[in-house]
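Here come two complexes built around chain A, the first alongside chain B, the second alongside chain C.
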Partner chain A sequence: MARFAGGKAPYLRIADQPGQGTNVVMRDFLIGLLPVVLFAWYKNGIQVYLDGNIAIMEMFYPFVFILLGGLSSLLMEGLSFYITDKENRSLKGLMKRLHTSFSLIPGLILALLLPLYTPVWVLLFGAFMASIVAKMLFGGFGHNIFNPALLGYLAVGFTLSGVIAAAGGALNASEVLVDTYAGATPLGILAATKQIDYQTLVAPYGNLWNFLLGTIPGALGETGALAIIIAYIWFSVRKVIKWSTPLIYIGTVFALSWLIGIFAGDAGIWFPTYSILSGGVMFGAVYMATEPVTTPKNPWGKVVFALFLGALTVLFRFIGNFPEGVGTSLIVMNMFTMPIDNLTAQMRSAGLRKATFVKGGLLVVLLGALIAYALFKASTIYSLSIITRIFLQGVM
Partner chain B sequence: MILQKARGIRIDGAKSMSKTSPLREYLDPKVVYIPLVQQTFPLKRLVEPGESVAIGQIVAMREGFTEMPVHASVSGKIAAIKKVWHASGRMVEAIEIENDFLNRYDPAVKPEKDPEALTPEQLIEKMKQAGLVGLGGAGFPTYRKYCTKCAIDTIIINAVECEPYMTCDCLQVEKTPEKLLKGLRYFMKAAGATRGFIAYKDYNAGIREALEPLLPHYPGTSLFALNDRYPAGWEKYIVESVVGKTYQKLPSEIGVIVNNSATAIAFADMVEDNLPLVRRVITITGEGITSPQNFHVPLGTKVQDLVAMSGGYKEGLDPKNAWYLAGGPMTGRAILVDELVVSDTLGAVVVLPMPAEKLHPECLGCGQCADVCPVHLTPTEIKRALDRKDLKAIGSLNADKCMACGLCSYVCPSHIEIADYVAKAKESLKKGA
Partner chain C sequence: MKAFFANKGSLALLIVPLLVIFIFGGVYSRYMTAQVEVHAEEERIRQEEEAERQFALELMTMFPEATEIEKRTVASVEKSYIIPGKAGANPEDFFSPIVKKSYLVSDASTDIGVIYVIESHGNKSGLVLVFAIEFATNSITGIQVLEHNETDTAAYFRKLGTEFYAQFDDLAFDVPVLVVDAVAGATYSSRGFEIATLYAREQYAADFDFVIPVVLVEANDIDYNLDPDTFADYPFVADITYGTEAKNAVVYLALDFSFAAMASGTDDLSDFEKLEIKNLASQAGLSTLSYFSSYDAETRTVVMQAKGYVTRYTIQVTFVINEDLTAIESYSVLSRETYDSEYNELYTGPGVPYVESKMITQYRNGESIDTIAGASAKTEPAILSLIDLFDRFLGSLGGGE
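Right after this comes the complex of A and B.
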C-alpha cells in the first residue's frame, strides 16, 4: 500500500509546463515594449546625435530616462513591500514578492507616455502615483482598478504639464529647429484651430508616412506607430493580448473620425488616418486597452469595452478641452470594467435568450447615444469653423 | 451563432503511452470486491458471507427510480463484507468474493436463440436486468435513457475518449468492432431509431479502419469524425456536432440518445449471451507506471494487481509527490491510497508525478478561462460573486451550467483553482435553492 498526494482536478495545467505561466506572459509583455523603447531612443537620441544637434552623452538620455522610469517603479514597490510587510524584510523575501508583482512595467510605460524633456522629479512623481497610489494602495498586482501608468501620466498631465512645457516639452533638439512645427504636436494644432484641413494638420510634418514611421513631435513612445504595430504582432502571436481588442478600438476611432471629417466637409481618407496615427491611439490600443488587469476578462466584455473606448476617445479628443482623448477615455472605461464584465458575463452565459437581447439592446442604445452626441457636437464645432473660414476668405 | 459555439482546445492526449501494447485479458483475479454503491446511491445487499455465487448471479439491488440488479463478476464464495476505496474517492462497503477459478456461470447466462427477434421492450428489459450503466464515467443506468416519452430517431455512440491518457474505449473498439456495431444496432432497435452514428476523434485512424469495412452490413450506421479538441467527448458537444442541434437538459428532447462505446459493446454481449455487466476495460497508465497498458477485467478487481502486472510504479516514484488519479487527469479524482477496486465507472487509473513547484502570481485577468469555457461562463465573475456569497449573482451568471470539464483551471497561467471555485459556486447554488 502506498499513500499518494491529494489535489484538485484537473491535474494537468498549462501553467506547470515549462515556458508557460503568468511570468512568461509578463516577460513577453516586456519584450513587446522593446520596439517602442528602441524607436524612442533612435528618434530622440541617436538620430538627433547623427544630426549633430546633441553631444554623445546626451544621445543616451532618452534610453536612460525610460529605464529610470522602470527602475523607480521597481524601487518604490520594493520599498512599499518593505514598509507594509514587517515579517518579510529579507532581500530574498522582497525579491520573491517583486518577482510576482511585475514592478518594472508601470514606470516603463509611464516614461514612454511622457515628453522627452520631462524633468526627472516629475517622472518620479508620476512613478509614485503609478506604482504606489494606483497599484499598491489598491492591493498590488491583479487588484488595481486603474491602469497604473495611465493614472501616473494623468496625474502629471493635470498638475505639472506647465513644468514639462517650460523644461522643453516634447520637441527634441532637432525638432526645435524645424520652423513649421511651431512648438506643437499635430493634435495640439487641431485643438487650437478646430479646422479639419490637410494643409494645417499634416503638411507641416511632411506627409502621413511620417506619422506612420513616427518622425513627428510627440511623447517618447506614442509616435512610433510602426514600432507599435510590430509589438502588436508579437503580442498577438504570443497570445499576450486578445488580438481583436486593438483592432476594434482603432477601427471605431477611424470610422467616427471619418464621419466627423465628412460632416466638416472633407471626406478624404487622410483625416481618419491622421486621427489614428497621431496622439496616443495606437499606443493606448496595444498597450493599455488590452492591459489584462484593468480591462474586462470576458470576450464579449472586451468587445464592448473597445467600442465604448473608441467612442469616448473621439468624444474627448474632438470636443473636450485637451488635445488628447485616449488617456481620459481609458481611465473612464477602467471604472466601467467591472459592470461591463458582469453584464456581458450574464449575457454570454445565458445564451440567446430574451434577457440577453434586452441587456444587449441597452448597451447598443447607450453606445448609439454616445456616438450620436459625439458626432452631432463635433459636426457643429467643425462645420462652423469651415463656414467661418469661407466667410473670412470672402471678406478678404 | 459563431460567438456562441463551444470550441474547446487541444490538449496533449499522452495516449501513445498505453496504446502501443495490446489489450490484455485478466479474468481470474484471486479476489474481487463488488462495491455496494453506484454513483452516489447505496445498494441493497442480497447475499450473506459464506454463500457461494456464480458469474452473473445477482448479489445486490439498486433501488428507487433507477432500480436494477448488480451481479457477481467471478464465481466463488462470499468471504466478507469489507470497506474498500472506490472511484468516487471515498471508502465504501463491498462484497468480497473469493474466486474458486471454476468459472461457473449463472444458469441465466446462456446464448439467446434468436436475438434478432427481440422486441424493443424486451431489449430495454434486458438492459435493466443486466444492470447496464454508462461505462464512460457517468454510470447512469442505460435503460432509463431508453424509457423516454420522446420519439428517438438517432443513436450516437461516443468513442471520442477526450480524456487525456485514457485509451480503453479506443482499444476495445479496435479489437471488437463487430460487437460495437451489433450493440449499436440493438440500441437503435430498442429506441426505434433509424440513424446510428459512431463519433470518434479524427486522428484515431484505427477506429475508422476497423469499422469502415463493416458499416455496409449495418444499415443506417455511419462514422462521424470530430476534431481533436477537449472536451469533444462531452455529450452536448457531440450532439451539437453530429446533429447540428442543441438541447436544454437531455439529448432525448431532440430525439437523440448518446451511449459510450464500451456500453454498446457490453450490450451486444447482454443481448446475445445474456451476460450481465460483469467486466470492463480499464487503462493503467501515466508517467509513474513502468509499462502502461489496458486490461479487460471483472468488476471489483484490485487495481494494485493491475499495476503490478504493468511492471509496477516507476523506480524513483515518490508517492508523496505523485497523484493516483481515478478516471483520468482532467475530470478524475486523486485517490489517497492505491487500494482502489475497479468499478463500473472507472475507465482509467493514471499515476503522475507532481510537476515541480513554481511561484505563481495572482490572477492577471487575461480572461482565458472565460475564452475556453465550453458553456460560455465567466469563471472570474463567478469567483467574485462567490467571494461575497451573493447567491443571486451566482445564479444570474449561470454557474449551474458548469459541467466540470476543468478547462478553466487547465489554461490559467497563474495556476488558480478556478474550476474548484466554480464547482463551489454551483454547490452553493444547489444548497441555497
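Right after this comes the complex of A and C.
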C-alpha cells in the first residue's frame, strides 16, 4: 500500500531541508568513495612502493590516475556546458552548473573500474564516453538512461582492452612477481579454465580472506571488497542508497553461483563466496546498482532490478565471452529501469489485486526463465569441464 | 587581450587543463608502462642473481666446513686435448676445456678451497663437471656432474657408477701422473672426466702457484719383444732413460703396455714412472692385435695369436720356419672367425680360414697382400699385424721374406 505523509499541511520536501538535499547526498557519495580510492592507492601504490618494487613516482600514480579521471569528467562537462549554454559561459555560471551536475563522479568511478596501467588517453576517451555521450547528450544529470561511468567503462573495455593489456594490464609491480598469479585475475582464470576448483581459482591467490581484503589482482577499485563494505555501511547509515539493493543483488549472485557450483560437482561455500568477491560484483552492487538516476526509484522496482541484475550477471559471467559480467548486466538493466519503475509503481499503487498478481507473476516467470536458462547453460559448461578433468586424470 | 579573456577565459580554463592532463597524464602513463619493462628486467636480473646465489650455496656444500663462497675470476690457461674417440690427426680433433665459473670457498677464518665448473668433452660436447679442490691437501674433495649430452642410458653414461666417482675422492693433484680409470662402455665419457680433471689441475696450478710434479722418463726405443725366450710373457720391450740422474734401463711391457718386468737395470722405478712408460708406449704406434705364444727352436715352430672379429677366441697361426731361418716352410691356421656375422653376409668367399690362409700364402709367396672384400674390418687387420710381427721375428733370426 502506498505511503502518504501524515499530519497537517503544508508539507516540506525533505530534500529541501538543510543537510538533506542532493548536494549532501553527493557529498556523502564522494565520502563513500574515499575508502575505495584510498585502498586502490594503498594496494597499487603505497604497498608496492614499500615492497621496494617501484619508484616513488610510480607510487603516486594510482591516486593521480583516479583524480585525473574525476578532473577529466569535470572539464569535459564544463566544455559541454560552455558549448550548449551560451548564456552561462562565465566562470561563475559554469561553476554553478558543474556543481549541480556532480560532474566529478563519472570520471572517478570510471578510473576505479579501470586497470592500473590504463594509459591516460584511454581514460580520457572513457571519460568522454561517460560524461559527454552517456550523460550530457541525454540532457545531463538526472536525464541519463545509462550509468555514465559504466558506459565509459564498457566503451573502453570493448574497444581498447588490448591497449591496456599492452601498456601493462591490471597487475601491479608486486603482483607480477607472484608466480601463482600467472598474470591473470581470478575471473580470468575461471574464464580460461572453465573449472570450478578451489585449487585453480582461489589457491593461487592465497585464500578467500585475500579476496575480502582485496589483495588480489584486478581493476583499481573493484578488488577492495572490505573497503566497499565500509562504504556500503556509510551509504546505508547516511541513507545515500537503499540498503537492501546491494544485498539482494549480491545474494542473487551468491545463490545462483552456489547452485552452479553444485551442478558442477562442488557444493563448497567457497565458490559463491569467490564469485561475489571477485570482479566487480561488490563495486557494482554498492556504487552502480544503487545509482539514483539510472536505477528504479520505487522500492519494489529496486528489488526487481536487483534480482534481474543478479541473474544477468551470472548469465553473462559464466556463459558469456568476457570474464566479468557485472558491467554488461548493469547496462542492460539500465535500459529496463523505466519499465520496471512503471510496472512496479502500478503494482504498488494497485495493491493486492488480480492485476498485481498477473504482473507480478509475469515478472516471476521472466526471472525464473532467466535463472533457469542461466543455470542450465552454466551447469552444462562447468559439468562438462568436470567430466573432462576426470577423463584427463584417468588418462594421465 | 582583456576582452579575449573576458569572453574566452573560462574556455581556456577548461581546455588548458584538459590539454595538461592529456600531455602530463600521457607522459606519466608512458613512464609507468616503461617502468613495467624496467621492473621486468630488474626482476630478471634479480632472479638470475638469486639463482646464482643458490647455485653457489649448493656448491658450497661440497666443503662441509665452509661458511662463505665467493665468485672469482680465473687465470687464462691455454691447453687443448684430443677429443675422446678422435685420432688427433686434424686440428678439429682437438678441443680446449672451458672454466665456466669458479668460486673461492672460506670457513670462518680462512680460504679453504676452490670450486671450478669446467666444460669438457666426453662422447659429446657439453660435459660440465664441478670440481672442489682443497688448498690444504691440493686434492679434489668432490666432483659433480652438472650437465651432459652423453648417451644417458644404463649401457653407456650410467655405467659411471659409485666406484667410478669414488676415485675422485681425495684425488691428489701433487702427483706426476693423474689417471682416471675408465669404465668399459663409457670410455669416451670417462676420458671426458679425465681431461676435465687434468685441466682442473692446470687451472689450479695457474691460479694458486701450485707446481705440477713431472715424471722424467724418456723413451729411447720402444718395440716388439722378439726374444723367443721372453716374448710370450712380455710382448713389448722399452729402452728408457729415467729420473733426475738419467739412469738407463730396459723394461718389459705387457700386452696393455703396462710395466711387467725389468730386462736390465735396477728396479727402482716409481709407480708414476711406470705409468709414464705405459703412456709413452701406448703412443708408440705398436699393434696389440697380435703376439707370440711360443717358439720351439728345435722344430723352428712359432705359435702366434691374433685378435680378429671374434673376441672370445683368437686366431692361432703356427709357422714352421725353414732350416735357413729365412722363410715359412709350412703353416697352419686355427680360427673361429665368423665372416658371415662379421660382414653382415656380404662375404661370399669360401669358409674359415680362407681369409687368413690366403693372406699368409700371399706373404709366403712374396706377393702383395690383397684386401679381401667383405673381410677388411677385423680379420684382415689382425692377420696383417700378425704377418708384420712374424716378419720382424724372422728378420731377427737372420732372414725374412
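Quick note on the criterion: the second predicted complex is superposed on the first by the 382 of 396 C-alpha atoms of A that agree within 3 Å, B and C clash if a C-alpha of one lies under 4 Å from a C-alpha of the other, contacts with A are read in each partner's own complex, and residues count from 1 in each chain.
Basically, a contact is a pair of C-beta atoms (placed from the backbone, for glycine too) under 8 Å apart; a residue touches a chain by one contact, two chains touch by 3 or more.
Computed from a prediction, not measured in an experiment: that's the story for all the values here.
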*Considering only the touch criterion stated at the top, classify A:Ser90 as touching first (chain B), second (chain C), both, or neither.*
second
*Does chain C touch more residues of chain A than chain B does, or is it the other way round?*
B
_Touching partner for A:Asp341 - first (chain B), second (chain C), both, neither_ = first
*Classify the contacts of A:Gly361 with the two partner chains as first (chain B alone), second (chain C alone), both, or neither.*
neither
*asked:* Output check: A:Gly78 vs chain B and chain C. Expected answer is one of first, second, both, neither. What do you get?
replied: second
*Give one of first, second, both or neither to describe whether A:Gly268 is in contact with chain B, with chain C, with both, or with none.*
neither
*Pick one for A:Pro292: touches chain B only (first), chain C only (second), both, or neither.*
first
*asked:* Contacts for A:Gly351 in the overlay, against chain B (first) and chain C (second): which applies, first, second, both or neither?
replied: first
*Figure out whether A:Val120 sits in contact with chain B (first) or chain C (second), or with both, or with neither.*
second
*Enumerate the contact residues on chain A facing chain B in the complex.*
1-17, 20-26, 96, 99-102, 140-143, 242, 292-302, 341-342, 344-346, 348-352
*Name, in rising order, each residue of chain B that touches chain A in their complex.*
1, 3-4, 11, 164, 304, 313, 319-325, 329-339, 351-352, 354-356, 358-367, 369-371, 375-378, 380-382, 393, 396-398, 401, 404, 406-407, 409-415, 417, 419-420
*In their complex, what parts of chain C are in touch with chain A?*
7, 9-11, 13-15, 17-18, 21-22, 25-26, 28-33, 35-36, 39-40, 43
*What residues of chain A sit close enough to touch chain C in their complex?*
53-55, 57-58, 61, 64-65, 68, 71-72, 75-76, 78-79, 82, 89-91, 94, 116-121, 123-124, 167-168, 173, 176-177
